[in-house]
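Before we start, here is the structure in question, set down as C-alpha cells.
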Amino acid sequence: VGEGTVTVIAGPCAVESPEQLMLTARAMRARGASMLRGGAFKPRTSPYSFRGLEEEGLKLLAEARAETGLPIVTEVMSEATVQLVAKYADVLQIGTRNAQNFFLLEEVALAGKPILLKRGMSSSIQEWLLAAEYILAKGNSNVIMCERGIRTFETAARNTMDINAIPLIKELSHLPVVADPSHGTGKRKLVEPVSLGMVAAGADGLILEVHPDPEHALSDGAQSLTFDIFSSVMENVAKVAAAVGKKMERSAVTA
Amino acid sequence: VGEGTVTVIAGPCAVESPEQLMLTARAMRARGASMLRGGAFKPRTSPYSFRGLEEEGLKLLAEARAETGLPIVTEVMSEATVQLVAKYADVLQIGTRNAQNFFLLEEVALAGKPILLKRGMSSSIQEWLLAAEYILAKGNSNVIMCERGIRTFETAARNTMDINAIPLIKELSHLPVVADPSHGTGKRKLVEPVSLGMVAAGADGLILEVHPDPEHALSDGAQSLTFDIFSSVMENVAKVAAAVGKKMERSAVTA
Amino acid sequence: VGEGTVTVIAGPCAVESPEQLMLTARAMRARGASMLRGGAFKPRTSPYSFRGLEEEGLKLLAEARAETGLPIVTEVMSEATVQLVAKYADVLQIGTRNAQNFFLLEEVALAGKPILLKRGMSSSIQEWLLAAEYILAKGNSNVIMCERGIRTFETAARNTMDINAIPLIKELSHLPVVADPSHGTGKRKLVEPVSLGMVAAGADGLILEVHPDPEHALSDGAQSLTFDIFSSVMENVAKVAAAVGKKMERSAVTA
Amino acid sequence: VGEGTVTVIAGPCAVESPEQLMLTARAMRARGASMLRGGAFKPRTSPYSFRGLEEEGLKLLAEARAETGLPIVTEVMSEATVQLVAKYADVLQIGTRNAQNFFLLEEVALAGKPILLKRGMSSSIQEWLLAAEYILAKGNSNVIMCERGIRTFETAARNTMDINAIPLIKELSHLPVVADPSHGTGKRKLVEPVSLGMVAAGADGLILEVHPDPEHALSDGAQSLTFDIFSSVMENVAKVAAAVGKKMERSAVTA
C-alpha cells in the first residue's frame, strides 16, 4: 500500500461460515482485490449481538489465504489476543473504538506486522496521527491509516466520510492512507461514488465490505456490496485511478 | 449545470476593486471557467470586517460579464436587496447562514433567476432539501444545490466537506449539485484534491475562490487559489470528469 | 432580565387561537411567569407546515397583554415585518435559524426594543457574541442572550443543551443570558431537570413552551409543558434560585 | 453513590509524588470529599506526555486511603493491569477512550469492584448504556455512569457538558450517574457553575480534579481546582443539593 498505486482490500464484515468466506474470497480474487478482509473478533455496540467466530474465524481466513493467495487483514480487539491474531493475519487492524486504546496500540506494534489503523470516530487528525505515533514509537513503521468516517450531526448516512482527511494525512505525514466507504457511508448505494471520490482525492486504497448475500449478513448488511456492485466499483476505480496518475494494483487475476 | 457535464464557477470571494475583478475575470475565462463568482454583499461573522462594495460591486460584476461573457453568480443576503442584486446577477446565491432564512428563500424564488442554494453549515440533508422546497414551492425550479462543508469537531480544516451529500442529493432529488471546496476545506492546498474527489463522486460542478494575490485578499485569502493552481485544478478535474463519463464544460476558451 | 433575579418567560410555541392563547396567558400569569411568549411567525423546516397566524397572532398577543399585564416576547423572521412585529411586541426574538442573518439583526436593532437573541444551532460562543455585536453596534444595548441547545451527534434529545455557555457568556460579556430548555431538550420530561440545572449554573432566566393541551399543539407539542408541570417547574426553580442567591422574579400573581 | 445523596469524588488528575498526593488527600478529606480520585495510569493523546507513575502511583493511593479513610477511584486502561489496579483501588474507572473497549469492560467487570464508567466522548446515550450492559452482563451490577462532556464543534470549552444526559440516564436506567465538570469544561472558572447545574439537574455526584498547585500540574492543570475553589464548590453544591431535596454526603470531616 503506498504511493502511485491503489490497493483494494475486500471481504465480508464478519467471517460467518466456511462457505460464505470461501465464496467471497474467490470472488474477490477473481475481481482483482489485493487483500482479503474479514472479522473474527467483532466489536459490537451491544453484548448480545453476534461477536464473531474468534479463532475458528481466523482459521477460516488462513484457509482462504491458502487457496487464493490473498493476504489477510483482520481486527484485533484485545491485548490478550494480539499473539493469536498475529499468528493468522498478515495485517492487523485496529478498529475505530480502539483508536485511543494506547496499551493495545503498543502491544500490536510489537507483533511485527503491518497495522491498519482506523481513525477514531471522533478523533481529530492530530489525535489520529498521535495514535499512529504510539505504534511508530515502538519501532513498527508499517502503519496504514484508514479514514472510515467521523461522527457528526448528519443522520442520512451512518458516518460523515471526511474527504479532507486524505490530503491532510498526506501533507502531515508520510504514511499511506486508505478509505473505508462502507463504514463511511453505511449505505450500499453510496459506496461506489464515495469510493471514486476518495481515490480521486488521493487515497492509496480502499477497504470494502462485500457479502454473497447482504440481506442475510450477520452484521453490516446494509453497507455490504454484492459481487456485481463490487465488480463495477473495481472497474470505475481503475478509471479514476488512471485519471489521477495512479496504477490500480490487482491480484494476479488474469493468471 | 446538470447531468453529464462538470461546470466550474470561479472568481474572488469578494469584489474588491475594478482591477482585481477584471484581472480575475479574464484569467477565469482564459482558463475555462463557465461562470464568474464574486461577492458584493458579504456575510461576515463580525460587523467590523469588510462587508463588500454593495451596488458598486454589482456594477463591476456586470462590467466583467460584458467583457468576458461569463454569467455572474453572486450572493443576496437580504429580502430588501433581492431586486437590486437580481438586476445585475445571472444566478442568485443563498449563503450558508441564510440557508433557513425562509422569507429570503421565498423572496429570491420570485426573482425568476436560477438559485445557487448553499447548504446550511449544520443543515441535515433533509433540511437542505426542504429549504430548496421553499424555492420550488414558489414556482422557481432552477435550484442548484451547493455542498460547502458542514460544521463538525474537526478543526484541521475550516469545515468538513460532506462527500456523502453528493450521491445522497442525487438519490433523493433531481436537482443538480455542485461542490465548494474552498469553504469545504478553508485551505488552499486541500482545494485541488477535494475538487477531484467531489467530481469523481458525482458533483455536477465546482465553485472555487480564486484571487490574483491571495495573501492580500480582503476575505478568505487562505482558501483562495492562485491563477496557476486554478489552471492545475481545471486540467485535472477534466481528466477525472472524463474518467466518470462526464464532459467538462468550458467557456469558449480557445475562441 | 439580569443580575440577581430569575425571570421566566412562558407561553405556547405558536399562537393558535384566541382560546388557546388566553387560557395559557392567564395560567402563566397565575403561576408567576414574568412575560408571555408566543409565535405569530413560525420558522418551519418544511414550507408545508403550519407557519403561524401572522398579524392576527400579533393582535391576539396584544390582547393577552392587555388582560394579563404580561409583556410579549415574539419572533421576527424578516426585515420586512420588523416594524409590524415591533408595533405589538415588547421584546423581539431572533430565532436560531436567523442567528447570523446580519441584515435582520441590524434592522431589528433599530426598532428600539429589547432583543432576545437565540444562539445559532451551530454558532460558537464567539460567533454568537459577534452576532450580538451587530445589534449593539447599531446602538441597541438591550440584548438578552438565549442558549437553546446546539446541534451535535446525540439524537436522544432534540439538541444538546450547552450548560457551559452560561458561565462563558457571563465571563465574556455583560449581557444577560437565559436558557430555553424546551428546544434544548425537545422532550417534556427533560425540561424541569434541565431548567433547574441552567438556573443553578447562572442563567438569568428561562423561556418555556407551555400549552393547554400539548398532544394537540400545532407545533412542538412533544416539548411543551402542561400547566401542572409548569407549576412544578416554577416552584422548584424558585428553590434553586434561592440556593444560588437569586430572587425569582414573579408577576404580581396573587396580588 | 445513589438516590437522595450527592457524593463528591476529588483529587488530582495524576498522582505525581507522595507530597502532592498526601497534601491533596488530606485537603479533600478536610473539605468533605467522599472519595479520592487520582490517576496512576494516564491515557495521553501523545506517547511522549507523562503517562503516570503506574504501580508506584497505586501504592501512594493506598497510603492516602490508609491515612484519610477515603476510598480510592482510579483508572484502569488495560486488560493486563486489571488485577493489579483492583488490588489497590476501591472503584475502577473506565476512561472515555476505552468506553467501547469491550474486552476491557468484560475483564474489569469480573474484578468484583464497582465500576465508574465514563461516557465515550462521542458515545450516544444508547451506546453508553450498552457499554454498561457489557459489565452488567458479566454479573457486576455496581456501575456508576459518569457524564464527562461530549465532543462538538464548540471550542470555547474542552468538551460540551451534556446536561440532558443526567435526566436521560435516570429515565432509561436505574444506574446512578455522576458528572465530571473538570473534563466537561476544561476550564477552572467554569467548574463551579457547571457543578451546581449538574447537581440541580439530578446528578448523584461529582468527580472533580483538584491540585495543590494547578499551574505546575503534570496534566490537566487548566481545569484543576485550587483547594480554595474546591471549598467554595463544596459549600455551594450543598446548598443546591438541599434545594433539590438531596443530602450532601460528607466524609466524617470534623471527626
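Order of writing sets the chain letters: A, B, C and D. Residues in each chain are counted from 1.
Convention: a contact is a pair of C-beta atoms (placed from the backbone, for glycine too) under 8 Å apart; a residue touches a chain by one contact, two chains touch by 3 or more.
All figures in this text were calculated on a predicted structure; none of them were measured in a lab.
Fitting subunit A to subunit B on Cα positions gives a rotation angle of 180°, stated in steps of 5. The chain with its Cα centre farthest from the Cα centre of subunit A is C.
Note on chain placement: the centre of subunit A and the centre of subunit D lie 35 Å apart, centres being C-alpha means. Residue positions 122, 126, 151-153, 155 of subunit B each touch two or more of the other chains. Against subunit A, in their complex, subunit D makes its touches with residues 43-48, 77-81, 97-98, 100-104, 121-122, 126-127, 130, 133-134, 137, 151.
Listing the residues of subunit A that touch subunit C in their complex gives 122, 151-153, 155.
Within the complex, the subunit A residues that touch subunit B are 122, 124-126, 150, 152-157, 160-164, 166-168, 170-171, 184-185, 189-190, 193-194, 196-202, 236, 239-240, 242-244.
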